[in-house]
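Two complexes follow with chain A in common, the first pairing it with chain B and the second with chain C.
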Partner chain A sequence: MTYDPSGRGATRSAAENQIKAGQLSTSGAPDDRLLDISGLTVDFRTRRGISRAVNDVALSVRRGEILGLVGESGSGKSITALSVLGLVPAPGRIVAGQIVFDRRNLLQLPEAEIAKLRGRRIGYISQSPRAALNPSFRIREQMDVTLRACAPELDAAGRADKARSLLEQLGFADPERVAAAFPHQLSGGMCQRICIAMALAGSPDLLIADEPTTALDVAVQAQILALLHELNRKLGLAILIVSHDLALIRAIAHRIVVLYGGEVQETGDVGTVLAAPRHPYTGALLQSVPDPDHPSARLAFIPGFPEPVPPDADGCRFAPRCGFAFAPCLSQRPILRLVEDGVRARCHLLDPGMATP
Partner chain B sequence: MAKLILRRLFGTLPVLLGVSFVVFVALQLVPGDVARTILGYNATEERVAALRAILGLDRPILVQYVTWLGNLARGDLGQSVALGVPVLTVILDKIGASLILMGASFALVLVFGLLLAALSGGHHRSPLDRMIVLLTLVFASVPPFWLGIVLLYLFGLQFRLFPISGMYDMANPGGLPDLLRHLVLPAVTTAVSSLAVVARVTRGRMIDVMNQPYIMTAKARGLSRPRIVYVEAVRNVLPTYVGISGLQIGYLFGSAIFSEIVFNWPGIGLQLYQAIIQRDFPVVQGAVLAIAAVFVFGNLIADLIAAALDPKRAT
Partner chain C sequence: MSTPLLQARGLQKSFATGDGGLFGQGRHRHMAVDGIDLAIEPGTTLGCVGESGSGKSTLGRMLVGLIEPDEGSVTFDGQDVAKVAGKERAALRRNMQVVFQDPLLSLNPRRTIGQNIQRPLRNYGVGGSEAEDRMARLMKMCGLDPAQAARYPHEISGGQCQRVAIARALALEPRFVFLDEPVSALDVSVQAQILNLLLDLQAELGLTYFFVTHDLKLIEFMSQQVIVMLKGSVVERGTSAEIWQSPKHAYTQNLLRSVLRLGSTPDWARFAASETSSVIP
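And now, the complex of A and B:
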């Protein structure tokens, strides 16, 4: 697989999508949902009042699937991802919803039970790989404590073997040298591969990757994405990948969830959604993807910026920036409606009963 | 690392020179006079003036200072006016007791400073954290002299838990256990405010570290909470902790002078206090130099340890 940062060169063909769908053995059955989030709502209580970072979000990741979560910075992607791990930073708080992982609602589990899932069933990698490694310990020691936590059945020699094989699996030709290094002696790409190795230490079913390539240069981005893709194909690892980069999501994900203002605006099969976006926000995002063939061409961008939302806000979150906004957009919150097979979007334009301008 | 050590070692020289010069000049401003001290208050002005000439006290300050430095280079700190023995003998005789007191106080500062910092900073805004913040705020603002008197009254006189004076029992000295019993009150008195400073500064860094991405990812990797707080985070506050602890050595000496006076601890602080009262300027000068040397080298060692603890600087 090659990563095409333009997002335009190779629009995924229908055949390719067939192949991807074919890998999902039990696709469609209700039980194949490894992660099923519904009604997730997260508030941040700050001095300036309550801001709602995530509002009524529903999404699911099936076994063996790569789900792409996209949206501009501040749209609530990271908070959604961290909710699954039970690691929403203070003063954030999950105020409503369900997070069902492998048939158990995490929000009703005691903290000790959720802690057991971290590392062992759910892996996590972040957007700042070097900062995600403890600067004071050698890679060897960090891998060892991770394995001690995630694979308690291994003894010291077993952990050393496992660490070596994980590093080899992640493409390090000389694992011993890497293991002896401190994070500051390694490149960003190496740090991210080490983070992935540690995230895989407990053989998780789900990997949450929050902007895993944002801090890396383009060549390394492609390498990391190819790695994730391979892990998905070979191990059947389900991946929830978060990115503001639509081209990246297009290149790697099976399905897509577009987030804006903490709400799901559009979701569906990645090929179908990006071939013909139903939601004006998805359309605008798609147009702001830079075109490498015409680097001098002016970028289309969405004017304005996402603003923190109070919990009681009415109307469409995107209305202040939407080129298609009409009267109801300011007063009524659109619902997420099924517009065609598997594609849902939250926009009044898609409501046949609503008078359009 | 070797280069750093050499550079820092040379850096201490100007500090020690500066301190000794300032003290030398300051002593000239103190009312009273060595010759007068030696001869007593009944001596005539002529005899005092004659002795001043013999001791070289009538020469310009700078000349006196250079002479003193020259003698210092030969290991001669002059004669104690009050005791009639070399200053070096006085200092060597007393510095041992002071180092014992300092060592015990410093151990308290190191152990409880880090412990309180980890317990509070590792659990930011918990009830325990709030309690420790309040406690250290009180500790940091207690003057050691006052604290010494309060402890002496409470634990020495009221509850009679600890002896209140000296290093060993006069009647039947009892080795190490006896020494430790005598150490408790003066060591606590000396340590308290420095301990609070170390705990507060280290706590601040601890809170900072606990908010770093690598702590969040450590949680996501399934590491246990105790492991994260007491190993992953504490390891990263060590450079700050060692640095601020090193700075306390100077303050500890200051506090130690008060507790030596209150608890009659036969150390260099008590000697310095007596020398000032007796206008025994050579001893004052020598004692201050010894204190400054311990302070400077203590800091030097702390800095080197802090550097060694930082993988980016150590390699």
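And now, the complex of A and C:
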């Protein structure tokens, strides 16, 4: 275990033992961590060997917080999010680590228990709202199915009422008409709002949003983000939002986790990290987006492209593409080092003991 | 002001929607592009922004002749595209190429990337070692290693695939390229590589681009002139600086307000109220 996001390493191991026993932590220390992932490692076994999608990832989402998880394709961001739901697609397998949700280690719970959390305590919205909805059923019918699972105490009339109020809450002026529609009759933004309504059906504590606006137009994106922002502010809904868009994360998240090659490269308060990135990858990512407020003739770019990582790879995952790499970067894996208040980065350049070139 | 390389007048295109029912009573026509004039000067880029369904791709496809317009005309280098036929049309066509959004879909998955790049050359009667040589040159120009020519599209990354698609588009030495969201399917760090490559190639070969995107930040970076499309019409046009700094039309202003910027906190109340032209049943 290398990284403790709260910096409370001393109290951690005792709590860990209790969690391992599947018990509540009763040590009395106020713990605002709703979701606490540590040492998460996910392997994909393929014909070409084992590929490690997520390597020793640690992150936590506090109650009422929006955590932004940033990375490119293959960085492990979606797999990390799916791990929380117990939905890592085959042939992927969680080989190490723990995922503590509300003080229970999800990896040690039986599937039936996780199924109870999914939808009720943890909501999920995906990148493609249209694919998430069934094209052959009216919105009303689909919401009813969700509510049956999430709110078994309600009868048919209660579910219809609940569906209507959820749609109203999501800003639909005419919920009856929307409920009677089929997904293809609605725009992408409307479909995503319906998916959010369904994710909220069980009044979850945590919403996992995997690139919720990637498929949407810019004005619709703004609308959906404003909605998530409001849900967070008004209901105290904690959100784990996954995106490759730094400006989006900057706008909505409180803290940021930057993933590359399946590892956490930098994490901290979103404003602090993006104002002065400590990891070369975060810095390069920031510069590779055109900024019309500061026009330039060319974009800085990261050479090469992300490559799959074998599980036994040494060194820094970003080293092959890093402009600052020096000898140790290829041979030693840097640790996630505390660089300033709440900001941690995994880079040898930040190690005062390392002879820099 | 020089003569435009490409000019369009009164372009119009509608598509039939709905199955029409038994007696065709449900049939409607959707006006995808409704009377657009434009001119692109040689060596420059005309950017086109708009939301999905605004008609920007249909417009681009009409410019390169992939779709016949219902009304209006496209003039390329003084020639009316609709009026040339046969060999002249083939000669005209080689000057107009397209790079599509998803490189994995636009490349032939059963052919190696080398064969993909050589295909247009062979269509125009260039074969054998000459085609091989040109392919190698094109690959180098687009930042690819010619040693990779024997690989298949699924074996290389999305960014590499898009380089292959660009190399293929440039194989016939076109003067005009329609770039249809060429980087929206790519990772952020790879987007920058491809955008830089497109700008380098433009400077080197004097290419003229029609660049379609829904990302306003890219428009500013890539183009000199910009048109903003909404429901098949151009609602605003100007230089990219004009559009970015002082948009006139309410729709453009709303689009710009919706752009997330690293340097500023969003105005959530405004975001929530942002108007969209969502279709309600």
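In this text, the second predicted complex is superposed on the first by the 322 of 357 C-alpha atoms of A that agree within 3 Å, B and C clash if a C-alpha of one lies under 4 Å from a C-alpha of the other, contacts with A are read in each partner's own complex, and residues count from 1 in each chain.
The criterion applied here is as follows: a contact is a pair of C-beta atoms (placed from the backbone, for glycine too) under 8 Å apart; a residue touches a chain by one contact, two chains touch by 3 or more.
On a predicted model such as this, the values are computed, not experimentally measured, just so you know.
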item	value
Touched partner set for A:V100, first chain B, second chain C, both or neither	neither
Contacts of A:L235 with chain B and chain C, given as first, second, both or neither	neither
Partner chain in contact with A:A131 - chain B first, chain C second, else both or neither	first
Partner chain in contact with A:A201 - chain B first, chain C second, else both or neither	first
Which superposed partner A:D217 touches (first chain B, second chain C, both, neither)	second
First, second, both or neither for A:V339, with chain B first and chain C second	neither
Chain A residues touched - chain C or chain B, whichever exceeds	C
Those residues of chain A which chain B touches in one complex and chain C touches in the other	185
Partner chain A, residues of chain C touching it in the complex	51-52, 157-160, 187-193, 195-196, 199, 214-218, 220-221, 244, 254-255, 257-263, 265-266, 268-269, 271-272, 274-276, 278-281
Complex contacts: residues of chain A adjacent to chain B	85, 87, 89, 115-116, 118-120, 123-124, 126, 128, 131-137, 145-146, 149-150, 182, 184-185, 195, 198-199, 201-202
Residues of chain A defined as touching chain C within the complex	72-73, 171, 177, 181, 185-190, 217-223, 225-227, 229-230, 244-248, 250-252, 274, 284-286, 288-293, 295, 297-303, 305-306, 321
Chain A partner contacts - residues on chain B that touch it in the complex	212-214, 216-225, 227, 231-232, 235-236, 238, 309-312, 315
